[in-house]
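Here it is, the structure, as C-alpha cells.
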Amino acid sequence: MFEPRIVCFLCTWCTSAGADLAGTSRLQYRPNGVNIKFMCSSRVDPEHVLWAFREGADGVLIGGCHPGDCHYQDGNYRTQARVSLLYRLLDDFGIDRARLRLEWISAAEGTKFAAVMNEFTEELRSLGPIKLAAREMAK
Amino acid sequence: MAKVAYYPGCALKERSSHLDTSARDSAVRLGFELDELPTWTCCGAVPPVSEERVMNLVAPSRILKDVRDSGRDVLITICDFCYNTLKRTNYSIRTNEITRKRINAFLADDEPERDYIEKKDAYWVDYTGEVRVVHLMEYLRDEIGYGNIREKLKRPLSGLKIAPYYGCVMLRPQNEIQLDEPENPSIIEDFIDSLGAETIRYPYRTECCGSYLSVSSPDASTRLCYRILTSAQQHGADAMVISCPLCFYNLDSRQKAIAEAYPDFKPIPVFYFTQLLSVALGVDEGRQGFERHFVDVAPVLDMILQGSGKGDRT
Amino acid sequence: MKRIGVFICHCGINIAGTVDVKRVAEEVAKLDSVVYAQDYIYMCSDPGQALVREKIRQEKLDGIIIAACSPSLHESTFRTAAEEAGLNPWQCEIANIREQCSWVHTDRKKATEKAIRIVSTMVEKTRLNESLEPIPVSITKKALVIGGGIAGIQAALDIADSGHKVILVEKESSIGGHMAQLSETFPTLDCSQCILTPKMVAAGKHRNIQLMTYSEVEEVSGYVGNFNVRIRRKAPFVDWSTCTGCGLCMEKCPAKVPSEFDRGLSTHGAIYIPFPQAVPNKPVIDRESCIYFKTGKCRLCEKTCEIGAIKFDQEDQIIEEEIGAIITATGYETLPVTELQEYGAGEVPDVIDGLAFERLLSASGPTSGEVRRPSDGRVPKEVVFVQCAGSRDPERYRPYCSKICCMYTTKHALLYKHRVHDGQPYIFYIDIRTGGKGYEEFYHNAEQDEGIIYLRGKVAKIFRDGDKTIVWGTDTLTGRNVEIQADLVVLATAVVPRESTAELVKKLRIQTGPNGFLSEAHPKLRPVESINSGFFIAGVAQGPRDIPETVAQASGAACKVISLFSRDHLEQDPAIAWVDEELCGGCRICISVCPYDAREYDEEKCIARVNEALCEGCGSCVAACACGATQQRNLSDSQIKSMVTASLGGE
C-alpha cells in the first residue's frame, strides 16, 4: 500500500502538546508523519511548505492553537492568513489543496490529533504520491 | 398540499389501522399530506433488543434509501418503534463508516432482484444517511407549530385532564434520537396543551409498560401497566395519550387482566395522539375506530363533544 | 564539521518495546557529523546522564541529541547535564521518540523507521545550532493571586509572610469562598468558619497583602517576572473608605434578593454583605435588584447613611499593576440541580444540593443550624443523600469522580443524625472512597454506630408526590429496587470548574483539560505550575480536592512564587529573532506583525531591530520577513529546510 510521507509543523503550546497527550493516552495512529516543533504556527514560512513538497512530501500539516487561544496572542490568525494565500499558490504549482492541512488542535485534544493523522493519511493515500512537473523534469 | 413521505409500519397497517386513518385525517386538516411510500417492508422493530449489529439494519436502510432515491429528504412515522428503528439505523449509517459500507454492500447486492426499480442505467449511489427521520409529534412541534394547531382547532379539549405517556423507545438513547430530554421530556405535554386540554403530571410517564414482555411474561407487563394507569388516575387524569402502538396495546387491552389481578382498579380510556388531534381538529369521531378500543372512550368523548358540538362528516 | 553524539533511550520497554533502538543507533551513526551513537536503558537515570557527560568529554562532542521522551519532561535535565560537561546547553536537543512515536504506533518496523527520521531531523537542527547565552531580564517581585477562597488566602498569606507584596483579587465582595459556607469539616468536625475566619482577617490586615474584592482581572500581558495586569474594580456604589459597616442601610433596604451565599434559602436586600463575617465587612449595591437603579426612586439607604457613604454615581475603576507571578485559584461551582433532569430538574423544592445542606447545618445559616426543609420549614424525618449526582456519569453528565462527596455526604448524614435523633438518613453510593488521613475511620464510625443506611446503587428518579419527595433507586447488593418516601433529598452534585474560569484562562493564556479544570505542567512532578512560566495553580480550579489538599497545594504554589522571587533576575530563552543588518531592507513588515512591540525601526541605519528583552521568540516576524534578514536563533530557515529534508528520509 502507498505510504504517504507527511511533514507536520506543530506549535509547541497546543498541537505538539496535543500530540504528546495522544502519546500519554496511548492512542494509536498512522506513523506517516514526522513532527517538527516550532514555538508558534506563525513561524511557518510558506517557503517551508513549498520546500517540503519539493523534497517529496505528499502532505503537509500545520497545527496551531484554536482561534483566540494563541500563546502569542494572534500568531495563529497570521498562520491562517498565510495558508489561505498559499493555497492559491499551490493551485499555480498544480499541487492539490488537500495536500496542505491547517488544523487547530489544543493541548487537550490528543484524540483529535490522532484522528487528524489517520484521516490525512487516508486522504493522501487516495490522492496518491505527489507529482511535481519540475521534479519530473529534473530527473 | 405539501406531500411528506410517510412510513406507517406494520401495526398501523393492520391491527391498528384506525390510528393510521386518524393521522392522515389530521395531516389534511393541518395542510399537508402523509404520502405513503409506494412499497415498504417491516422496519424490523428489534434493533433496540438485538445482539446483531448489521443484519437488522438492512431492512430499515432499504426503506430509507428508497425515500432518498425518490428525491425526498424527510420521512414521517407515527409509531415509536418504527421511529426508533429508522432513526437509529440512520444514525449508525451516518456515524459508522464500517456499518455504512457493509449496509450498502447488502443493499447493492439485492438491487437487481427488486422489480420496481427497472432503471438499468441508474448508477449506484451509496446511502449515507441523507434522509431525516421525523416523528409526527416532532413534525407538529418543529414544522407545523403549536400555534398553528391551536388556530385550526374545531373542538378544543378544554376541561379534559390528560396524562401523557412516553414509554421508553421514543426518547432513548438520547445521543441517537435527540428528540427531547429523556428523563424530563415535554413534547407530549406541549402537544396536549396545544389541543386545549390540561396536562397531568405523574411520575410514571417515562416508565416502561413492559413492551414485548406482554408476550413472554404478561404478568410483569400487567403489573407495570397497573402502576402507570393508577398513578395517572390518582393524579386526576381522565385519559391517557400515547404515541406507540405497542404501548397502546399494553395500556388499553391489558386493562382486562389488570382488573382481574387488582380488584381496586378502575378503567381509564387510552387515546393515540393522532386520535385526539383528529377529533380536536373536527374530524368525525366515527372515523377514529373507537369501537376497537378495549376501554370504552364514551365518557371522555362525551366531554369533548358536549364542549364543542359534533364534528364535520368527512 | 560539528561532532555530534546521539543517545537513544530505551525507557525500559516504553520505547524499546516498539522501536528497535539498536537499529536506530546503527542508522543514525551513518549520518554526516554524527561521530557517536549509543542506546541505553534509562537515559535520564544517573548512570545515563553520566554516560552523556563522559562521552561529551571523551568524544569532544559539540552537539548532542537525546532521543527519548517529550522535551517537556527532560529537556532541562539533559541541558543541565550537557552544561556540566562543558557543552553549551543550546547544543543539546531532544528527539521525541516516545510520546510521538513508540507510544502511538504498534508496527515495530514502521515505528523504527519513523524514529530514525525523527532523530535525523534533530541531527540536522543540531548541525547548525549556535551556542547561546540566556538573556537576563529583571523581575517584579509582586504576586497576583486570583480567587479569594481558602486556596487564594493561603497562597497570599504565605507569599506575604516571606516579605513580598501580593494582590489578592476576588470577584465577590468578600473573600472566603466556598469554605465560608461550610458548617463543619470532615473528618474532625471542626467548625469551618472558626478555622477560616482568622485567616480571612489575617489576609485582610496583612501589610503585604492588597485586597481587591469585588474585582476581576481584565487583561494580562507580558511574561514571567514582568506581567502587566489590568484589574476592574466593580463599583460597589458605597464609599468603602468612609463606610463603617454599621449595617443600617441593609436593614432599611426594601428589595428582596435570594442569597447566593445561602444557596437561595434566605434573602437579603439589594445592598448587602454576603455573610456577617465578611472581609472586608463593607456592603455593595446589586445594581440588577436595586429599586433605585430599576425605577429611579427609593434611595432609602442613602437617607439612612449618616456619613453619606452611599454613592450612586460611582463607576468601575480600572487599575493597572506590574506583577512578577500569578497564582490562579478560582475554585469551583457545583453542577446546578436544574441540570439533573431525572432528579427533578430543580422543580422539586425539597431536593437541594450539598452546599445548601451545609447552610441548613450551619449555626449562622438561614435556620440557625436547625435542619428544616425548604418547602414548608418542617424538620425532615427521612432524608436521602444521593452521591455521584452528575459525577462518574460519562454519558449524561461528568465522567470524573468529584472526590469530596463521599466524605461530606457521610458528614452530612452524621450531622443530621446529631440534630434530628429520630431521623433516618439514607445514602445512595456507587463506591465509598475514603482516601485520606482519618477518613476511613470517620466513615466506619458513621456506618457502624450512627444508624445511617448505606445503599449501594444509583438513584433513577426523584419526584414530588404530595408533600413527600419520592426516591426510586436500586440496592445492587440485594438486587432489589428501593422506593423511599423522603422528606428531604440532598444531592452531592458534581464539582465543576467555575464558568468564569473559562473566560479567565483565555485572558491568561493558560491551558485547561477536557473537563475545564486548569492543566498542570506535569501531573505528578509539577502539580502546582501551569505549563506557561510565571503561572501557578492551586485549589479546586485544578480538579476536585478537599481542604487539606487545597491548602497544601496553595502553599506549594506560594513556595514556587517565593523561589522565583528569590532570584535577582530571570533568564530568558535566547532562541529569539535577530536581524542580519546587511540583508534588511527596512520594509518594517516585522514591526507590524510583532504582538509584543519587540520590533523597532532604526531611523539612522534604516533597518529593523529586535528588542531582546521583549522578544518572546514566536517567530512570526521571521516568517513574515521578505528577504530573510530576520532569522530565529537555532531555528533558521536553512535549519528548517534541512530538517524537512531529513524528516522525509533524506534524498
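First chain written, first letter: the chains are A, B and C, and each begins at residue 1.
Here is the rule we use: a residue touches a chain if its C-beta (ideal position, glycine included) is under 8 Å from a C-beta of that chain, and two chains touch if they have at least 3 such contacts.
If you're wondering where the values come from, they're calculated on a predicted model, not measured in any experiment.
Visitor: Centre to centre, using CA atoms, which chain is the farthest one from chain A?
Guide: Between chain A and every other chain, the largest centroid distance is to B.
Visitor: For this structure, I'd like the pair of chains sharing the most C-beta contacts.
Guide: Most contacting pair of chains: A-C.
Visitor: If you average the CA atoms of chain A and of chain C, how many Å lie between those two points?
Guide: Roughly 30 Å separates the two chain centres.
Visitor: Measuring centre to centre with CA averages, how many angstrom lie between chain A and chain B?
Guide: 49
Visitor: Please name which positions on chain A make contact with chain C in the complex.
Guide: 5, 7, 13, 17, 19-20, 22-24, 26-29, 31, 34-40, 42-48, 51-52, 55-57, 68-75, 78, 82, 106-108, 114
Visitor: Name, in rising order, each residue of chain C that touches chain B in their complex.
Guide: Those in contact with chain B are residues 341-342, 345, 395-396, 461, 463, 465, 470.
Visitor: Looking at the complex, which residues from chain C come into contact with chain A?
Guide: 70-72, 96, 98-101, 103-107, 110-111, 113-114, 117-118, 121, 506, 509, 511-514, 519, 531-532, 575, 593, 595-596, 616-620, 622-624, 632, 635, 637, 640-641, 643-645, 647-649, 651
Visitor: Under the definition above, what is the set of chain B residues touching chain C in their complex?
Guide: 174-175, 181-184, 203
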